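Shared between the two complexes below is subunit A, which has subunit B as its partner in the first and subunit C in the second.
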Partner chain A sequence: MEKQNIPDAVPFKFGKKLKTWLGIAAAVGLIALLWGVFIAQLPASRIWANLWLNALMFLFLGLGALFFWTVNTLGESTWQINIQRIMESMGLTIPFAILFFVIAFPGLKHLFEWTHTEHLDEILQKKTAYLNMPFWLIRFVSYFALWTFFAFYLRKISVKNDFEPRDNFLKKLRSTSGWFIVIFAITSSTSAWDWLMSIDGHWFSTLYGWYIFSGMFVASISVIILISVAFKRFNIMPNINSEHLHDLGKYLFGFSIFWAYLWISQYLLIWYGNIPEETIYYVERVDNFNTLFYVNMTVNFLFPFLALMTRGAKRQPLYLSVIAIVVLIGHYIDLYLAIMPGAVGHEQAAIGLLEIGLPFFYLAAFLLLFLVFFEKAKPVPENHPYFIESSDYENI
Partner chain B sequence: MRAIVYGYFTDELDLLNAVKELQNKGIRIADVRTPFPVHGLDAALKLRRSHLPKVAFVGGLIGGTLGLFFQVWVFTKGWPLNFGGKPFLSLPSFIPVTFELTVLIAAFSMGIAFLLRSNLGPGSIPDILDEEVTDDHFQIILSEKNNNLSETELVEALAATGALDVKHVNAEK
Partner chain C sequence: MMHVSPVREPLINGEKSYKDITKDVVAPVRAKPGKLWFVGLGISAIVMLIGFAMIGYTIWFGIGTWGVNRTIGWGWSITNFVWWVGIGHAGTFISAILLLFRQKWRTSINRAAEAMTIFAVMCAGLFPLIHMGRLPLGFFILPYPNTRELWVNFNSPLLWDVFAITTYLLVSLLFWYMGLIPDLGTIRDRMKTLWKKKVYNFLSFGWKGSARHWQRHESMSLILAGLAAPLVLSVHTIVSFDFATSVIPGWHTTIFPPYFVSGAIFSGFAMVLTLMIVTRRALNLKEYITVGHVESMNKIIIATGSIVGIAYITELFMAWYSGVEYERYAFMNRALGPYAWAYWIMMTCNVISPQLLWFKKLRRNLAFTFVLSIFINIGMWFERFVIVVTSLHRDYLPSSWAMYKPTWVEVAIYMGTFGLFFTLFFIFIRVFPVIALAEVKSVARSSARKFLGKPIKKQSSEKQ
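Let's look at the complex of A and B:
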């Protein structure tokens, strides 16, 4: 294919203007939090639950991107090499999520009923072998230790190849990715139990880990799409063309359906079984969070399913970004529905200034860290053996 | 009776270059046959996009609608059964069958439409000029019909691009 009309790359500089914008976004989030705590004097559980929700969302964006990169590396795909540095840098934000989780630690009593060790009912007592504070903390630390190790080690392998290409580069990248996938397969499920499912301590679902994972994956794909479109627009990565967007759009489309598939699989069996201790989870959500319950389904499945069906939709940057933004908000709502009914309860939970404003702080923090890491390496891994193929391919 | 001239390449990049070379000379290419999809070939030949996705969409729509309405009819009118005290019209339980039928009818309609359109259905006689196109040969076919050149000129032009084993036959279509 002819390589025409590809402008020269503009080296990325993390400029003052961008920093100002991120500062404004962070300030909006902080004001929303301070307003909630001091002026509106919202219930404590609602504030802690919001901090918890946003910390999870922050983590999921990086973790999903790391998974996306490793799974593509393992599958020996070539299309993603041009946008690989975006995923690498997103993955490096993982350890900073610890900070946001730790901020919410004093509120654990408000979030998790099983932390009230002095008066546990029979069901929660039987779960203490797994749901107890020391073991929970050990798991918390080990998840982050493992994920951080892989995020930084993979990045190191990738960046090293820019300066001294080695023959065993791909082999090393692949085997490390493989180990990450194995570990992620287990930790993604168990961390979802620890941080989300145990909010509704009496309830359980064996599908829950995959369900949360699929939502995480879709959310991080939509962020990758948004960043790719922006970087193409500002010529930071002029090699990104409609083929890359088409592939990302296919992932957004496909995994939105995958998310809906897991959602209905979990819902359908509980609905069919009709056992009170299982149905309580959905009764709570259908009765008291009725609007959001249906909005969740519409925004995360019906909308991307219909909007991304055609080929043209996936190749049009502006159109694709609008869908990505909607789906990203949709998965924030999905997490909201997973946390709030159990942690806050329908009498106190609401969507107000806090819920709308606070994510801006976390988004600004995410973008700040992402850009700092992105600036440190070349925007594209030019020495990657598949680099040329990634710039020169087409979707048939 | 019109003459058909054909030759093959063993590499897809040679094929792509030959296609461009022939087009630069103003020669129209009747068909190109490859063992697998070659990137950039569709654009070079200026082929229209396939209508197969539309067939799949319509097929899926028909399958999903029929599947859903059949279940609604069966469980409310045709033969209502009481399952664990649930209402007769229970949409969640219809979802799996609806989904499966959407996929099934979409896949069938797509497969059948493809076979009919490509003349590969049962009873059709495939016009294969070189069996190796299913293996490792990339074939270019030129026809006297849409070119103003004579048969020998076409053979020369194709051979000049580096095509191997250039042959010509008289074909009816």
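Let's look at the complex of A and C:
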């Protein structure tokens, strides 16, 4: 295949109509929040926990995409190059998550028991060397500094190649990706401990970081699928063909199974060991969040597992995007289950207008930032040495 | 013909045509084996027989001939079992998961790696059987009620192991043999003596290479790959359950399943490297197993090795973070107790030494890779030793703390499994093609140096 045979991507124009829609979505989210605070006067912990949950979800979509891109670069894979700019632009949203986290900072006392340094129990006292505010903040800042640096630096390398292709482009891209993966391997776990596991301050599980990572990865794959399908549908990127969707579908299928594998590994071992300090985490969830507990497993594993089994399912854009939406909501529920029992408690936690409305604000913010960044560069990295390979392959 | 970027390294070096590929790969099967091969086979067979004799000795006199005691009920045998199962992970990973990921370089190494998988699982399977003390007891692990209507304990992960490993062995065997069928047909066509022709014809199920044969063969490969991919993860997951479902500090930790799988692939690739670096020289296959292949394998080594390293550190951190006295002590004892030497050998070999592979020069250096792969083999053995022995030797009751030392019987049995492994491997390289002939040919047009130099003309049939 020659380069000219690949359908040209149209430089994307961020139109007024789209902006209005995003504005409406954001307004819905804001109204839900204001309703929760002023009219319904929901408990403070529930409001803070929701802000925390959405900030995490916002971050995970970008971070997962950055991981996806770098790991494919390191594996010398090529199929993803046609949709690489989507992942790049998603990664650029990472620093904006800081804002959303900081908004929730006044509520940290509601979320984390270990922040109440006046009266820590014996177990939490043993952990103060790690769980203390100054160190926690240092870690917070360094995670974001590192991730942001890599997201922007990798993007710079990639975009620069559009104008002045150099021989050492791939080498540079790969070595930078390598550094990022090393840092991500450590920070993805430690940040999960800091921001999620320490909500249930007494509880511990070695697998927790990897479990959260797998959910993050699946969630961002579903967003990549949704954006790809939309860009193909609206003729922004006609270069995306069913092979790319097929591969994305395979990733969604495979890593949904991987997520379930980690879920069951953690659950089964704790259930089997039956040590009260460990089982308490699941007792709380099975007893008091019973419906969601089973919904989580069904929506995030059974559903994609059965729905994506066939070849056709992964190549049919509409069908694939419906699955992606369900799985994305599923991983929102997964995070909800990770946060609410510990931070809010079952008496006060509920799913109401706030929980349903607020994500629209964050989603709109994510899409807005994503589209702004996407508009800034060519939609396809045409000078990438593997670019033609990315359009000329088949899934057998 | 799919496009291949000019920056990609060729997978087949030298000016190899299709005919050359067949000739080179079939050569070891057709030629008379050299002296070195007989010496190697002889030594392996002797070591194997000594091992078998020691198994007999154990069964005759009982487990008392070993160094295990009441505190440390699992010693070398379980260490060796887990180690060998781990080695057996590379083959199916290469042929199933790398197939799904469309990694073309796997074609040169998958055959030998799959064979090693099967041999390693055979070695592994011996140990639980011997550890029962009497071989006939092995019958009672089959899910079959005895005369008192008692069933096996379905709640026990040890039983799940039986299912997991048997399934793994069967599917790996099937996968390996499936791939062999067209190659055996090729060998048959090149054999001169009638009886050899007949034997290979039988082994290849009368393969004719018709379009229908190929079509079935390829779709079967994909189905088996799909089935085998979760198996790669399941086997070592279940092996890790043997430990993690207990409440022993150092064993009971949720990260075990994925971390064991990663460690298994890590050690499996190390063993593949150890053997293939030698084999490619001995059998003149340098053009097919290139430095590029070694580099790719080294990349997998560094990825899986680093995952293992992170898991070690996570465990260590969580032991402290949990605040549980026993957990904290178990890990202190690992790093600073009487078995600290084993812990630090493990840390050095598995976590620190693979980090050198971040340097491209070292990744492509065969001598360095060979030495490193042996380091990893040793390190991964010590990982299992550390998990098994140091977690057990100081348990909740300080009055029953003990130490463990293997006896010469245990050492000889372990050596014996090496004998078994290498005997089978030596036979394998002379009977079957070490490289998947048909699969290498399938990537030749896109990735062989000979074909890359010239513009590839499209066949008229492809246009339709």
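The rule is simple: the second predicted complex is superposed on the first by the 386 of 396 C-alpha atoms of A that agree within 3 Å, B and C clash if a C-alpha of one lies under 4 Å from a C-alpha of the other, contacts with A are read in each partner's own complex, and residues count from 1 in each chain.
Assume a contact is a pair of C-beta atoms (placed from the backbone, for glycine too) under 8 Å apart; a residue touches a chain by one contact, two chains touch by 3 or more.
Model, not experiment: these values are computed from the prediction.
With both complexes brought onto subunit A, simultaneous placement of subunit B and subunit C is prevented by a clash.
Applying the stated contact rule after C-alpha superposition, one finds that A:F12 touches neither subunit B nor subunit C. Using the contact criterion defined above for the overlaid structures, shared-chain residue A:T206 touches subunit C, although it does not reach subunit B.
In the superposition on chain A, A:P385 contacts subunit C only, with no contact to subunit B. In the superposed model, A:Y272 lies in contact with both subunit B and subunit C. In the superposition on chain A, A:Y393 contacts both subunit B and subunit C.
Contacts of A:F149 after superposition: neither subunit B nor subunit C is touched.
Looking at the shared chain after the overlay, A:M309 reaches subunit B, while subunit C stays out of its contact range. Counting the residues of subunit A that each partner touches, subunit B and subunit C differ, and the larger count belongs to C. Among the options 203-211, 293-301, 329-337 or 383-391, the segment of subunit C that ends up inside subunit B in the superposed model is 203-211. Touched by subunit B in one complex and by subunit C in the other are residues 1, 268, 272, 274, 393-394, 396 of subunit A. Subunit A makes touch with subunit C in their complex at residues 1, 74-78, 123, 126-127, 130, 170, 178, 182, 185-186, 189, 193, 204-210, 250, 257, 261-262, 265-266, 268-270, 272-275, 277, 385-386, 388-389, 392-394, 396. Residues 1, 264, 267-268, 271-272, 274, 309-311, 393-394, 396 of subunit A are the ones touching subunit B in the complex. Against subunit A, the residues of subunit B that register as touching in their complex are 37, 39-40, 42-43, 49, 53, 57, 84, 86, 92-93, 95-96.
Within the complex formed with subunit A, the subunit C residues making contact are 2-8, 100-102, 218, 222, 230, 233, 237, 241, 244-247, 252-258, 299, 306-307, 310-311, 314-315, 318, 321-324, 358.
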